[in-house]
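The following pair of complexes shares a single chain, chain A, combined with chain B in the former and chain C in the latter.
Entry: the complex of A and B
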C-alpha cells in the first residue's frame, strides 16, 4: 500500500512537470501518431503483391504492431527513462540517495521519473489493436479481453526484466553507454513476428523465448495460430524473468561502492 | 587547426578508455544487423519478391544502412541542449576557438572510435552476406558515395547542432530530437528505401535534405542513381549544407546574447 501511495505521488509530481511544457507534450503526441501511420503504411506496401507473409495477413500484423506499441508506450511512461539513467546514477554516485531512503532501492530507481507524454504511443497502439480486431471480425469476449490484459502485463514485465538485467551491468562497467542502442535493437526486433527468425526451430524458440512472449506468442494466440493454452505460459515465464532480473540487480548492487564504483 | 586536432585525439583516447562498454557496443551492433537480416530473410523465405523488391535489394539495403549511418550520424542533440540548460558550456565559450568546430571535433572523435569497432563487425557480417551485397554493389560508384557520405555527415551535423541551439530559447528540446528521428526515419530512408514511395509523393522526399543522410549514398552504392542524377544532386546537398551552417551561426550568435552563465 505504501508503494502505491508513493507511485501516485510520483505520478502527480511528474504530471505537473510534464504539463509545464505543454507544447512539448503535444508535439510528442503528434510525432507518435505520425510514426504509427508510417509503420502501417510500410507494412501495407509489403502486402501489395502478396496477401500473406509467412502466414501472417496484413491485419494480423497490424494487431501485432498495435500490441507492441501498447507495451512500448507503457514501458516508456513508467520505466524507460529511469532504467536509461542507471549508468549515470551509478557512475556519479547518485544512487546513494536512493539507498538511504526508506523504500526499496529498485522500486525508487525504476519509477522516479515517468514520461507521461508517451501516452500517445499507448493510445495509438490501442487504436491499432481495435482497428485490427474489427477487420479480423472479432467479437468482444472474456477470452479476448483476458488474453490482451495478460499479454500486456506479461509483455511489460518481460521487457522491464530484460532491460533491468542489461542496465545492471552498469555496476561492473564504468561507462555503459550502449543502453539506448540496446533498446533500439530490441524494439526493432519485437515489433515483427519473431517466428520469421525462429522458423519453427526449437533451439531458436528456446533462445528467443523472452522476446517471443512479449508480443509474438500473444498475437499468435489471438489469431489462433497456436493453442489458447499458451496464455498460461506467459505469466510464469514473465515471473521467472522478473525474479532473475531482480536477483541480478541485487547481486550487482553488492558491487556498488558509491561514486568510485 | 592544431587545437581542434588535439581535442579530436583527446576524444578518441577518452572513448578507448572504456573497453568493456565498447565491447558491448560491438555485440549490440552485431546482433542488430544480424536480427534485421534474419527478419528480412524470413519475410522473403516464401517468395523472392515482395512488392517490387527483390531479396538482394532489401538485404543489401539493410546491410548498407547501419554502415552509412555510422558515417553520417550526428548526435549533438544528445548532449548540447542539456549543457546549455545547465550552463556548463560557459567554460567552453571563453576559450579561444570556434564552438561549432569544437563540437565537430568532438563528434568526429567519437565517430572514429565507434567506427573502429563497427567496421570489423560489418566485415564479419558482410562475409556471410557477400552473395546479396555483391549482386547490387557497384565499386565504380564508391568515390561518388564517399563524397555524399562526407557532405551528408556535415549537413547532418549542422542540422543537429542548429536544433540543439534551440535550447537557448526552449526549456526541453528532447521532443525536437524525437521529431528529427521521425524525419530521418520517414524522409531519410531509415525506416524503408525511398524508392518504395509512390510517385505522387516522391517529390516531397526529393526536395527535402534528409535523403542525403541515409538513402542517397546507399542508392549510389546499389547503382540505383545515374551519374546525371548525382551531378544534379551535388548543388542541392551543398545548398542544404550552407543553409544549415548559416542558420546555426545565426542561432549561436542570437542565443549567446540571451544566455546567462547559470544556463538559459
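Entry: the complex of A and C
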C-alpha cells in the first residue's frame, strides 16, 4: 500500500513536470500516433505482392506490432528513463540518495521518473490490437482478454528484467551509454515475428526465449499458430527472469561504492 | 582546415576510448536493416539480389550519411552550452561536424567486418555498373551526408524557439524513416508516396545514392538528379544559416 501511495505521488509529480512543456507533451502524443500510422503503412508495403510473410498475414502482423507498442509504451512510461539513467546515477554517486530513503532502492531507482507523454504509444498500440482483432474476426471472450492481459504483464516484466540486468552491469563498468543502443536493438527486434529469425531452430528458440515470450509467442497463441497452453509458459518464464534480474541487481549493489566513498 | 582536422582527431580519440559502446551502436543499426532484409526475403517479392544489394549498401551509405547531433545541439542551446563556442574563432557547426566525422570513422571500422560477414552469408554480389555510375554514387553519397547533417542541425537549432524540441525530433524521425528509403526502398512505395518523396529532402539525404547504385535509375537521369540534389544541399545550407542567425539573436544563455 505504501508503494502504491508512493507511485501515485511520483505520478503526480511527473505529470506536473510534463505539463510545464504542454505543447511538447501533446506534440509527442501526436508524433507517436504518426509513428504507428507510418509503421503500419510501411508494413503493408511488404504485403503488396505477397499475402503472407512466413505464415503471418497482414492483420496478424499488425496484432503483433500493436501488442509490442502497448508493452513499449508502458515500459517507456514507467521504467525507460530510470533504467537508462542507471549507469549515470551510479557513476556520479547519485544512487546514495536512493539508498538513504525509507523505501526499496530498486523501486525508487526504477520508477522515480515517468515519461507520461508516452501514453500515446500505449493507446495507439491498444487501438492497433483492437483493429487487428476486428479484422481477424475475433469475438470478445474471457480467454482472449485473459491472454492479452497475461501477455502484456509477462512481456513488460521480461523487458524490464532484461534491461535491469544490463543496467546493473553499470556497477562494474565505468561507462555504459550503449545501454540506449542495446535498447534500440532490442526494441527493433521485438517488433517483428521472431520465428522469422529462429526459423524453428531449437537452439535459436532457446537463445531468444526472453525475446520470444515478449510478443511473438503471445501473438502466436492468439492467432492460434501454437497451442493456447503456451500461455502457462509465459508467467513462470517472466517470473524467473524477474527474480534473476532482481538478484543480480542486489548482488551488484553490494559492489557499489559511491563517488564520495 | 587545421582546426577542423583537430576537431575530427579529438572526436576520434574520444570515441576510441569507448570502443564497446560504439560497437554496440553500430550493431544496433545493423540489426534493424538486417531484420528488414529478412522480411523482404520472406515475401518472395522481386529479385532477392536486389534487396540484398539495396540493404547491403544501405548499411554502408546509412552509416556514412548518419547524423545524430540534433539532440545534443538542442541540449547545448537549452543549457547555454553553446556560449563558449560563440567566442571561439571557429563556428559551432564545425565542432559538430568534426564530432560527426570522427565518430563515423570509428563506426566504419566496426561495420566493415560485419559487412564482409553478411556479404558472405547472403551471397552478396556487386552490381555491374559503368564507372560513371560509381562516380555518381560517390558524389551522391557525399551530398547526402552533408544534407543529412545539415537537416539534423536545423532540427537541433529549433531549440532556440522551442523549450523542448523532443516532439519535433520525433516527427522529423518518422518522416525521414518513411521517405528516405531507410526502411523500404522508395521504388516499392505506392506511386503517390513516391511522388511525394520526390518533393521532400529525405530522398536526397539517403535514398538517391542507393537508387543510383542499385540501377533503379537510367544513366541519362543521373546528372539531372545530382543537380537537384546539389540544389537541395544549397537550400538546406541557406536555411540553416538563416535560422542560426535568427536563433542567435533570440539566444539568452542561463546566467546571461
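Just so it is clear, the second predicted complex is superposed on the first by the 259 of 261 C-alpha atoms of A that agree within 3 Å, B and C clash if a C-alpha of one lies under 4 Å from a C-alpha of the other, contacts with A are read in each partner's own complex, and residues count from 1 in each chain.
Keep this in mind: a contact is a pair of C-beta atoms (placed from the backbone, for glycine too) under 8 Å apart; a residue touches a chain by one contact, two chains touch by 3 or more.
Values in this document were obtained by computation on a predicted structure and should not be read as measured data.
With chain A as the common reference, chain B cannot sit beside chain C without a clash.
In the superposition on chain A, contact is made by A:172 with chain B only, not with chain C. By the document's definition of touching, neither partner reaches A:243: not chain B, not chain C. When the two complexes are overlaid on their common chain A, residue A:181 makes contact with chain B and with chain C alike. Across the two superposed structures, the residue set of chain A contacted by chain B and also by chain C is 21, 24, 27-28, 31, 34-35, 38, 42, 45-46, 48-50, 53-54, 117, 175-178, 181-182, 184-185, 188-189, 192, 196-197. On the chain A side of its complex with chain C, the touching residues are 21, 23-24, 27-28, 30-32, 34-35, 38, 41-42, 45-50, 53-54, 117, 175-178, 181-182, 184-185, 188-189, 192, 196-197.
On the chain B side of its complex with chain A, the touching residues are 17-18, 20-21, 24-25, 28-29, 31-32, 35-36, 38-39, 42-43, 45-47, 49-52, 171-172, 174-175, 178-179, 182, 185-186, 191-192, 196. By the touch criterion stated above, chain C contacts chain A in their complex at residues 18, 20-25, 27-28, 31-32, 35, 38-40, 42-46, 162-168, 170-171, 174-175, 177-178, 183-184, 188-190. On the side of chain A, the complex with chain B involves touching residues 20-21, 24, 27-28, 31, 34-35, 38-39, 42, 45-46, 48-50, 53-54, 117, 169, 172-178, 181-182, 184-185, 188-189, 192, 195-197, 199.
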